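What follows is subunit A paired twice: with subunit B in the first complex and subunit C in the second.
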Partner chain A sequence: MVLSTMLTLTALTGCGGNKEASGNNTGAKDTAHKVVMAISGEQQPGQERVMAEVNKILKKDLNMELELMILPWGSTDQQIQLMLTGTEPLDLFRLGSGEAAGYISSGKIEDLGPLIDKYGKNIKEALGEEIAKSANINGFVYGVPTNIERDSTPSIEMRKDLVEKYDIDITQIKSLEDLEPIFNKVKAGEPNMTMLFGAGGVNQPATRYGGFDSLGGFGGVLANDGLESTKVEIRPATEQYKASLDIFHDWYKKGYINKDAPTSQDEPSVVMKAGNTFSTIVGWHPAYQNKEGNYDVVFAPLREHVLHSGSSGYVTLGIARNSKDPDKAMQLLDYIYGSPEVMNLLNWGMEGTDYVYIDKENNTIGYPEGVNDSNAEYHLNLGWQLPNQFIASVWEGSQPADVWDRMKEFNDKAPKSKAFGFMFDPKGYEAEITAISNVNEQYSRSLESGSVDPDEYLPKYVEALKKAGIEKVIAAQQKQLDEFLATKQP
Partner chain B sequence: MLNTRENRVFQTTAHIVMMLVVLISVLPFLLVFMSSITEENSLIVHGYSLFPQKFSLYAYEYIAQKGDKILRAYGITLFITVVGTLVNLLLTALLAYPLSRRDLPGKKFFSFYVIFTMLFNGGLVPTYLMYANTFHIKNTIFALLIPTLLLSAMNVLLMRTYFRTSIPEALIEAAEIDGAGQFNIFFSIIVPLGKPILVTLGLFAALGYWNDWTNGLYYLTGTKGEDLYSIQNFLNKLITDIQYLANAQFSGGGAQAAKMPSVSIRMAIAFVAMIPILVLFPFLQKYFEKGITLGAVKE
Partner chain C sequence: MKVRKWAPMFIMMAPGLIYLFINNYIPMAGLVIAFKKMDFRKGIWGSDWVGFDNFKYLFTTPDAFVITRNTILYNLAFIIVNIVVGIIFAIFISEMVNKHMKQLYQSAVLLPFLMSMVIVSYIVYAILSPETGLMNKTVLPMAGKDPVSWYSETKYWPYILIIVNTWKGVGYGCLIYLASIIGIDRSLYEAADIDGAGKWVQIRTITLPMLLPSVITLTLLNVGRIFFSDFSLFYQVPQNSGILYSVTNTIDTYVYRALLQLGDTGMASAAGFYQSVIGFLLIIGCNWLVRKLDRDSALF
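And then the complex of A and B:
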């Protein structure tokens, strides 16, 4: 009892102290217009100090202030939705093509098209005219894409030490079939190891191997990355899907793929750390880390890098209806797209305290003496959620200094799906789409991990999808796609 | 009891069934504890096991050394549990006692007022808007204390019934004749005599506060909010974050997930969060049984 009262008292004083501190902050001079931006991530102890520095710049140039709100990964969507139901201050927030349709139909976000035309000078320069307004559904621009990779190359990621030990020539790997002899060889030497790791909803071998333009993931797909045909199909009914599943099922039977793949929720990097895994299929791009767990890894592409229909709409920054002044929010956003100083501050913190220049010429930075991953006060490292990481400095060691030049080339040179730029408007088909995603949930993990026989389960899967109404959705997708293609061709 | 064959059969089956129930409730708990003292890599390679191959106290060392956030969350949980439970009991008793008096004017109305809230409420979104925009409890300690947990109509009715059936009206009349005021009666007669129900409902309230994470999820956001996270919010955030990142479609998800505390640490936090309730329960059990059975009959 005495103990609990004591703890109570300390907790009480602790909280009291806090409240005062926060009271003081909000009470300060409020002449500059404040813009609130929400992203997901981990709280940074040095946030207040860094934001003060950001706001010095923003006040001088725009007479505005930015409040960065970092929400937990897992509950970001819920918290944003709650905030949007009220009148809470929220201007900019991250949203993807998945949520956009719902927000548009419930009137929770602004159409950014006119705003980009009015203020988006830096945005257009950074992204290009075509990409800047590409995140739209029926012309309603829901967000400005952040500058990241546009889709990725399905590749096999292998532990470097084992590749060297077994003398594997990775330049010879061109397709899925080429992996079989490699697994065979490594498995013979390391009988207890998992050759190919699969888990969860997106890290299953066949899911990562991809090969389809999923048209936003609502139901129908274009086979062969949408490079040839524009006929919307049911994925499990295609030859291409079955062919890859046959291979994975064969590997699962041979013990190459971990037994618990269909149910595991582990992250590949966490499993790699345990030292029991040889390889996993990933979506590679030039900024991909070359370390997984504690191991150096090497990559070999299994397919071509193709830009799919929604490839620029996955990660965008939208403006909420709650915003008191969408014009100002857009002005501020556009400013950040063109400001390496603000981008560096937001992503890496303050020079001297949170980072130092390692090589000024190549614009690479690293931790100052005595600072590391576990005691850093500000090290957001979430460039893909911030407007334009391509103009910020590059962190030493994690990526090559010219990573963003390579990324630009990677994005620009990739062939495009015929449906590139198309975005399906799911309005009116919500019930079917929910039913379809339930069916996917039920079948995809066990099939795409290779754990069940495709000959037996694929027909059942297709049958269940048809019952869920996929044909109706596909007809709508086909119609919208044909209309889109008609406007595209001269 | 009769030593008939029938009775023996009944006793044996009853025991077996009860033992199975005990196993079902105890095993998961044991599994959490055992995983918390299993070495991390062994956990990933061999999975959860009641008899781990390699032991390690790393998870607890981690909490002790680096767990300033965890300790802070722990303190917040203790604070809201103690303060919340006391305020909850006070309010419940102050409402239940008058309702238990047969001579309360407008009693029908007040009873209806309480029961109505059991049947109807505003739903999540209006409730959220009310608390966030009208009462401004967002990102304050009140967010963890007030919504849902502060007063429950069910508890008020249980307590009212207890007061009415277990405390003789004559006692109150006698006190009135001796010149005691209403507050005097309440604090010197009702509260001491109502100890079993107070302890029982107090335990309910304490459990509610200790285990709650939804309030924190709705009303605590951003840096200011996360400073006020209770231990359950902290755990919930860890687990949902890890799930989200493991299924993330974007680049860099893996790198973020690798920074998260490992499985054994998560299990250790969960175990540490359970301890106080475990310790408290045996001491309060005798009141607990009495309180539940006495309050069982509602009129």
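And then the complex of A and C:
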């Protein structure tokens, strides 16, 4: 009880403080509307100073103010949930396709479709008409995608020193099968080393290898990245899935894959640091770092880069139901999509203090004299969570200067799944989906790490999915997809 | 007259009662969420009623039997093993002559109880890890046996979970039994000594019967929680290994995995509601039974 009183008190004083602050800033003139935006990251000591600078620009151009809330990584989800359930002021926040369906059905977010049409000039210019409103479920636009990679290329990431030591020609790697002789060769020289690392729910070899359009992940998939057929299928019942699992299981038996892959929770970067891992499968894109742990790494693509149904909806900025004025929030968001000054301020801080131009022509920047990673007052470096990093400056050394041109090309050139832009609305199938998620949790990690025999476990997996009612969900997905495809046809 | 007599008692109870009311009774109004399709636009009271729809997923799944069976059987095993081991430890410790050793053992037994289950799960992992674990690296080779991939063999896990739970939880019960044993009138033992009763007879005829009320109280409290499982024990300790679900999936872990994707408040509340109602009925039932057998030991 003491705790709750204290919380209420701090909440009250907190609110009071905010009001005062905004009152002081705006002076006697008209009051600027304040928009609150929440992202995850590390607290920046120089935040107040930088935000003052941001707000100078926003007040002049929009008569608005931005309050940036940087929430700790570990507790962001809970804090956002709490804010959405209560009445705390929150306008813009980061959300992905995973949470979107739940937020929509429980009425926690605004439909952005009409707002983008009304105010989204810069948004449409930055993302293109198709992407701007692509993060939607049944027409309900849950967020505006940030400008980042759209899906990625399943690639093998290998330690550069070992690639050179064993004289491996990485240009010859075209598919999964090409890796076998390489593992064989390296394993012979480094018998105690893990050839291919797998862990957790997303870093398993077969999970990363992908090859399916998972239609939001609620049940059915389109085989072969959705490039050919639009028939929704059960993933473990497809030939394609079995073929890749056969390879991974073979590798697991040969000791190429770490024995604890199905239960390990380690991040690849952490394991790489320990020095006894040769490679891991990753989703590569032009802004991908060339270092994992302490080691330089090289990449070779294993599959084609394809844009899947939800590929623009993974990282988006949505508007909370709590927002006092969603129109104003959208106006401000759209402004940032078109403002390199604000983007640079939010991501890199103030010129002169937090960064200096190294090459003005190529738009690359770096730390000023005497400033580095450990004493920087403001160095957010989280462009993927901010609206439009493509128009901001590039940090010298971490990325090539033309990284965003390459990224644009990467995104634009990729072939699209036939279901691109489609999102399944799971309403009415909650009971089946809960049962399916349990079955997936039970089987996918063991199978996708290669640790169990696909011949024995795949039929069990399919059987369990059918018992959980996957056929009902797939029928619904097929119906919604067919309707979506019909509207797409000219 | 009666009022005057009890008034001071009620004043003393007031802070506790008020706390209980605010903390445990007022939130019960939130149980309506279990019967609603939560829509934050409309609020808790304005959301639409959906009857028992939110409960469906708990019973229509093919796993319904497995998770219910696991939850109940594990909890029953935990209750029994913890009583037996707890009493044995308590008797051993109470019979110890060296005072310092007595304190040392008492603390040592309690220590795991204070540990977070996440830490426990890594201690277990250090023992069972397929490549570097104590069992596969040291114990089994010494016994001349082949290594076992612990995290993919279901047959060992009922024992592992019971052992881990006992190791972690026994200290708490042990402490309560120890307190009861210390409270037993010493003259009973002296009388028994004079009558020529040995240690074993003393334990059987004095200690155990005197412990019965504490055993009944602890058991009744645990029975009320029999439909709730220790989430971290069943999720963290087996490292969320899918192959083991048939022996490690309980109602709580099932609900967690089921709602990972949907995050539906109503369905989550429905699970909690269901567990509480069953727990409530069980505790009423058991108490009724106890009252029939031994009126004084019943909770209410």
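By our rule, the second predicted complex is superposed on the first by the 460 of 490 C-alpha atoms of A that agree within 3 Å, B and C clash if a C-alpha of one lies under 4 Å from a C-alpha of the other, contacts with A are read in each partner's own complex, and residues count from 1 in each chain.
By definition in this document, a residue touches a chain if its C-beta (ideal position, glycine included) is under 8 Å from a C-beta of that chain, and two chains touch if they have at least 3 such contacts.
These numbers come from a predicted model, not from an experiment.
Visitor: Quick check on the subunit A-based superposition: subunit B and subunit C, clash or fit?
Guide: Aligned on subunit A, subunit B and subunit C clash with each other.
Visitor: Going by the contact rule set out at the top, does A:Glu441 touch subunit B (first), subunit C (second), both, or neither?
Guide: Once the two structures are laid over each other on A, A:Glu441 reaches subunit C alone.
Visitor: Applying the touch criterion given at the start, work out whether A:Ile70 contacts subunit B, subunit C, both or neither, answering first, second, both or neither.
Guide: The first partner, subunit B, only.
Visitor: Which of the two partners, first being subunit B and second being subunit C, lies in contact with A:Val452: first, second, both, or neither?
Guide: The second partner, subunit C, only.
Visitor: If we overlay the two complexes on their shared chain A, which of subunit B and subunit C does A:Val271 touch? Say first, second, both or neither.
Guide: After superposition on chain A, A:Val271 lies in contact with subunit B alone.
Visitor: For A:Thr85 in the superposed arrangement: first (subunit B), second (subunit C), both or neither?
Guide: A:Thr85 contacts both subunit B and subunit C.
Visitor: Which partner, subunit B or subunit C, touches the larger number of subunit A residues?
Guide: The partner with more contacted residues on subunit A is B.
Visitor: Using the touch definition from the top, say if A:Glu149 reaches subunit B (first), subunit C (second), both or neither.
Guide: Only subunit B; A:Glu149 stays clear of subunit C.
Visitor: For A:Asp260, select first, second, both or neither according to whether it touches subunit B, subunit C, the two together, or no partner.
Guide: The answer is both, since A:Asp260 touches subunit B and subunit C.
Visitor: Can A:Lys467 be said to touch subunit B (first), subunit C (second), both, or neither?
Guide: Only subunit C is touched by A:Lys467; subunit B is not.
Visitor: Which subunit A residues lie in the overlap of the subunit B contact set and the subunit C contact set?
Guide: 85, 260, 265
Visitor: Within the complex, which stretch of subunit C touches subunit A?
Guide: Its residues touching subunit A are 19, 22-23, 37-42, 56-57, 60-63, 129-131, 149, 151-152, 239-243, 245, 249, 254, 257-265, 267.
Visitor: Enumerate the contact residues on subunit B facing subunit A in the complex.
Guide: 40-41, 44-45, 47, 66, 72, 75-76, 78-79, 82-83, 125, 128-129, 132-133, 138-141, 217-218, 221-224, 226-228, 237, 239-259, 262
Visitor: Contact residues on subunit A for subunit C in the complex?
Guide: Those in contact with subunit C are residues 1, 84-85, 98-99, 101-102, 105-108, 217-218, 258-260, 262-263, 265, 321, 426, 430-431, 433-435, 437-438, 441-446, 451-452, 464, 467-469.
Visitor: Any idea which subunit A residues touch subunit B in the complex?
Guide: Residues 4-5, 7-8, 10-12, 14-15, 18-19, 22, 41-43, 47-48, 69-75, 78-79, 82-83, 85-88, 148-149, 152, 199-203, 260, 265-271, 273-276, 283, 285, 287-289, 292-293, 314-315, 373-374, 381-382, 384 of subunit A touch subunit B in their complex.
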